[in-house]
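By written order: A, B, C and D. Residues from 1 in each chain.
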Amino acid sequence: MENYVYAPEIAKLGHVALVSEDIEKSLWFFKEILGLEETAVEDGIHYLRCWGDFEHHSLSIRSGKTSYIDHIGWRAKRVEDLEQFALLLEEKGTKVKWIESGEEKGQGRAIRFQLPTGHKFEIYYEMDKPKGDENNKPFLKNQSHKAWAKGISTRRIDHVNIATNAEVETVSNFIIDNLGFKLREYLVDSEDQQLGAWMSVTNLVHDIAVMKDPNAPTTHQMHHLGFWLDNAQDILRAADILSEHQVEFVGPGKHGISQAIYLYVIDPGSGLRIELFSNSYLIFEPDWEPVKWTLEDKKALTYWGENSSQANRTTIRG
Amino acid sequence: MENYVYAPEIAKLGHVALVSEDIEKSLWFFKEILGLEETAVEDGIHYLRCWGDFEHHSLSIRSGKTSYIDHIGWRAKRVEDLEQFALLLEEKGTKVKWIESGEEKGQGRAIRFQLPTGHKFEIYYEMDKPKGDENNKPFLKNQSHKAWAKGISTRRIDHVNIATNAEVETVSNFIIDNLGFKLREYLVDSEDQQLGAWMSVTNLVHDIAVMKDPNAPTTHQMHHLGFWLDNAQDILRAADILSEHQVEFVGPGKHGISQAIYLYVIDPGSGLRIELFSNSYLIFEPDWEPVKWTLEDKKALTYWGENSSQANRTTIRG
Amino acid sequence: MENYVYAPEIAKLGHVALVSEDIEKSLWFFKEILGLEETAVEDGIHYLRCWGDFEHHSLSIRSGKTSYIDHIGWRAKRVEDLEQFALLLEEKGTKVKWIESGEEKGQGRAIRFQLPTGHKFEIYYEMDKPKGDENNKPFLKNQSHKAWAKGISTRRIDHVNIATNAEVETVSNFIIDNLGFKLREYLVDSEDQQLGAWMSVTNLVHDIAVMKDPNAPTTHQMHHLGFWLDNAQDILRAADILSEHQVEFVGPGKHGISQAIYLYVIDPGSGLRIELFSNSYLIFEPDWEPVKWTLEDKKALTYWGENSSQANRTTIRG
Amino acid sequence: MENYVYAPEIAKLGHVALVSEDIEKSLWFFKEILGLEETAVEDGIHYLRCWGDFEHHSLSIRSGKTSYIDHIGWRAKRVEDLEQFALLLEEKGTKVKWIESGEEKGQGRAIRFQLPTGHKFEIYYEMDKPKGDENNKPFLKNQSHKAWAKGISTRRIDHVNIATNAEVETVSNFIIDNLGFKLREYLVDSEDQQLGAWMSVTNLVHDIAVMKDPNAPTTHQMHHLGFWLDNAQDILRAADILSEHQVEFVGPGKHGISQAIYLYVIDPGSGLRIELFSNSYLIFEPDWEPVKWTLEDKKALTYWGENSSQANRTTIRG
């Protein structure tokens, strides 16, 4: 570890790069129903973000024969963290690939690598932060687009939840040890093996979670991508909108773990599960003791409401 | 029918008289958890109402060996309607019993009778409308008690839902023909027999509903008693409060029929099911065409959320 | 009074016919910002309604040199009530004019007349109840259009509030005596003269209110037209949407009288004030004692929030 | 600066130590109306926290002849940061006083010092994190007390806002330079002098704000102490509860800066202003460009709702 002089840090979840087998349906779902704004289309890739996201994109979608997640993008705290993360990861035996500036629209240089399970991560620092154009310019200086312009109008990207048929600890430890995440809450089976781990680098309860799915077809699946809404009531309005457009969903309900109000809905284009997410809580304590839940805590996953385990099969490859 | 000269009318649902096999638990549930106010206790009967109810009581509870509904009380539009209803009912062969003023605390003379199924109704007109005492006097002149004083703080009694193993039409037609209710929405089976009928004399979608339950032990069961909350968000807060006190419930969800946001919870004392109810809609059209739903309308009962049919068994005798 | 044998009855507020001096702006405001649906355009008249209104229109707009309310339309309980109202009004010296079927699109025969102040009323019974077309057909059978399709998405027309520089009692007594409304709440000055009267024929606290405005230019002004939203939170979302589009408003706040959560916004086309309105309460008691408020009840008009008196000047002629 | 080897860091706002000239009223207000829990009373000091706070106290109250803030407590990220902060501050000429473990109940060693304006800060690391006792133990493992147990039921301490008649930059620069806060948003006058500065060490828009008040009696005043509620609707419920108990307040409204839904209410015991605060947004970008507002941004302080400047006089000494 002598090649690097300080611990590089992740600042935040940046974006998810989705490949969809039915891009028209996916664009309808994300733009018309969820209400994301399109900041650019280039080389067949649609760059989207929520009205309260500041970066160029928090979701990109391109067409593919099958649906999968091309990568999950994380923003580093400093530009020099990229080199440091590359050094650290390679020392640990993780192969790192550099992506040149502009290869992903709006973004500077970046590194890409795989978790032990095969989930693909990207770390970048430089990213454009365009303002909304004339048509959807917000009134307030501290948001990027008009609020409530269309559909559900999710505010911002919140978190990712990845699934695996392998050991959860393999992934959660990798994320904690190499990327500086902290374990916030976790669920164990009767043999004290992790069934789920919720981790963050921010004050959120989780920027990423890892869930066990013994029936998953691979070690690297997606469970869902979460978007934030400011009020629990906004989740109920989302339920109405989804129902009006005959998009099926699970929820509303409240998780015990994370205390979030949720709704799970599948993008009808790609099959990717989306969680609409509100309330929850923030962690400010520097010595946070990870909250341990066991199978005896019957309400760990679903505190109340429609059982979230109905949404518990994994979706597309991650 | 020559003995009466005009159609007597029901103004509103007044109250439900509950007999509870565990009155201590029932009082804890209704007073501490739902937050009803106690206006009087006399002869072992506890008289309760919500902070937005104006009459002396919207629920009375007394102790009994088994739990059941002693009667459902309806307020007539005029004092002389009592005589008229009595005449009309007796002409149709329904036995009517008079209750003297004060027999039920706060209430004037009243008639009691049974539906063809055995459900027991009361019609009264005179009723005290006490103001809250010093401790829980509201600030506003147009409510009877302080809002949000305790627990969930339901605003007012909303409706009753009765169940039967007999034909629903027997009951719904009786209520429509003899008591002046209008059919607002109804659900039929594949042979066009009513599985449920929602009826009202007010602008509410229903003051009373009748549900078929083939497995019910008698022809005269209760499905639930509904209390109103002003906002869907208040239903979510209720879910938190019930969970904190480990009272089990079904919901939240939204009915297709009535468009109400709901939560179903069992009074742990008596076993009576309570519906916490919000949103829904009002009917002002004088020529309202009853909305017909069939079994092909999969979302008639549960538009979204935790399936209300999980709460569909009948509870105590009504 | 011998010519009529029973009291004709009003069932509900039906619609408001608005003449706008800037119809393009008015259409933008009502269709894009409030989110009303257009059911028809004929002879330059735009017929609009909310997604939860059942009749052909709850607002019509046509172009004019100055803005004013052409008439306020009330639906009778029975078709024969029209003749009865005509008889009754003419006996009392009120001139009645008949409107033929189809003269107002979607509507049958109707009578029009003026209040003593000059406010123009219409009473009709027959009215088309079209379903939303393919593009905005709702999922549920008990509403007419998709919910949340555009903008604020008000649910239904709720009430009108008219203003006068003449005596309020002149109007409120006319409405009570001739049209069968009940006084629900009222505000008096130090000499016990009405400053405002809230009246209804439905279970709402008011279908119509009359407000004193000594500075009003005529005896027949509009104060506002009210639209309903299901949740207080929807009013806050409306505040965001209006702010994004730089439409000025007053509120949110809560009235003491009526207990409603409100927002007042001026249609930038016509100058008509609109109240976005939620919560409030329902009156079911047949012997409701009108709630009297005096100038000593400082919170009668504004219980909390931005002072509704900032919206208290009258708007256009009514 | 050679004596310290790394930059010590603040993790979070911990608590405010209030001296109240009418402690009975203050305890009524904070315990019964806001609904804080009392974790301990010792030497006449009442230690309170919200149901979602994890530390021993987020507010302490003791009796005094006049009301003032004894100190504002900040939690450091590591125990060794205390020594480092002490070194750094003393090098810069700020006098530091050590407080022994237990001097403040539940708390380890701490340092206290004054800002250039005289506002008194404390930095500590060790703090007890008791669980709620039998009576108010939460169901969920990730909160400390039952939610919604009493009154408004604020979730957690959120931020402090201090005021001064001196230059705002003097304070904001001190906080940024010595304590590691980042400037998130700021408001300037026509000569580009700060009128307000919003700063944080967390993902919140602000853990502390400094406001100019030319009419303030001293350089070290409090503007308010903020408590968090999860939903905007909870703020409206708070308005009802305050009104029922005749506690005056300003709001609800929404700030442009911070995008928070607010209500301002004065503790009737001490005169300290409390902000009930919801929604707002989080900042995850490591290169956040502080948002600059000028006096031409008329809606910077009040985006909509009751004008927050009505609450803009400073309250007690800070």
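The rule is short, and it goes like this: a residue touches a chain if its C-beta (ideal position, glycine included) is under 8 Å from a C-beta of that chain, and two chains touch if they have at least 3 such contacts.
None of the values given here were measured: they were computed from a predicted structure.
The two sequence copies chain B and chain C touch through a face in which the numbers common to both exceed half of the numbers used overall. The interface holding more C-beta pairs in contact, when A-D is weighed against A-B, is A-D. Averaged C-alpha coordinates put the centre of chain B at 47 Å from the centre of chain D.
Chain A and chain D have centres, each the mean of its CA atoms, that are 31 Å apart. Chain B has its Cα centroid 46 Å from the Cα centroid of chain A. Counting partners per residue, chain D has 139, 231-233, 240, 243, 299, 303 as the residues that reach two or more other chains. Put simply, chain B touches chain C in their complex at residues 11-13, 52, 54-55, 75-78, 129, 139-143, 155-156, 185, 202-204, 230-233, 256-259, 279, 281-282, 284-286, 291-293, 297, 299, 303.
Contact residues on chain A toward chain B in their complex (touch as defined above): 231-233, 236, 239-240, 242-243, 249, 251-254, 261, 299, 303-307.
Those residues of chain B that touch chain D in the shared complex are 138-139, 146-149, 231, 233-234, 237, 240-241, 243-244, 246.
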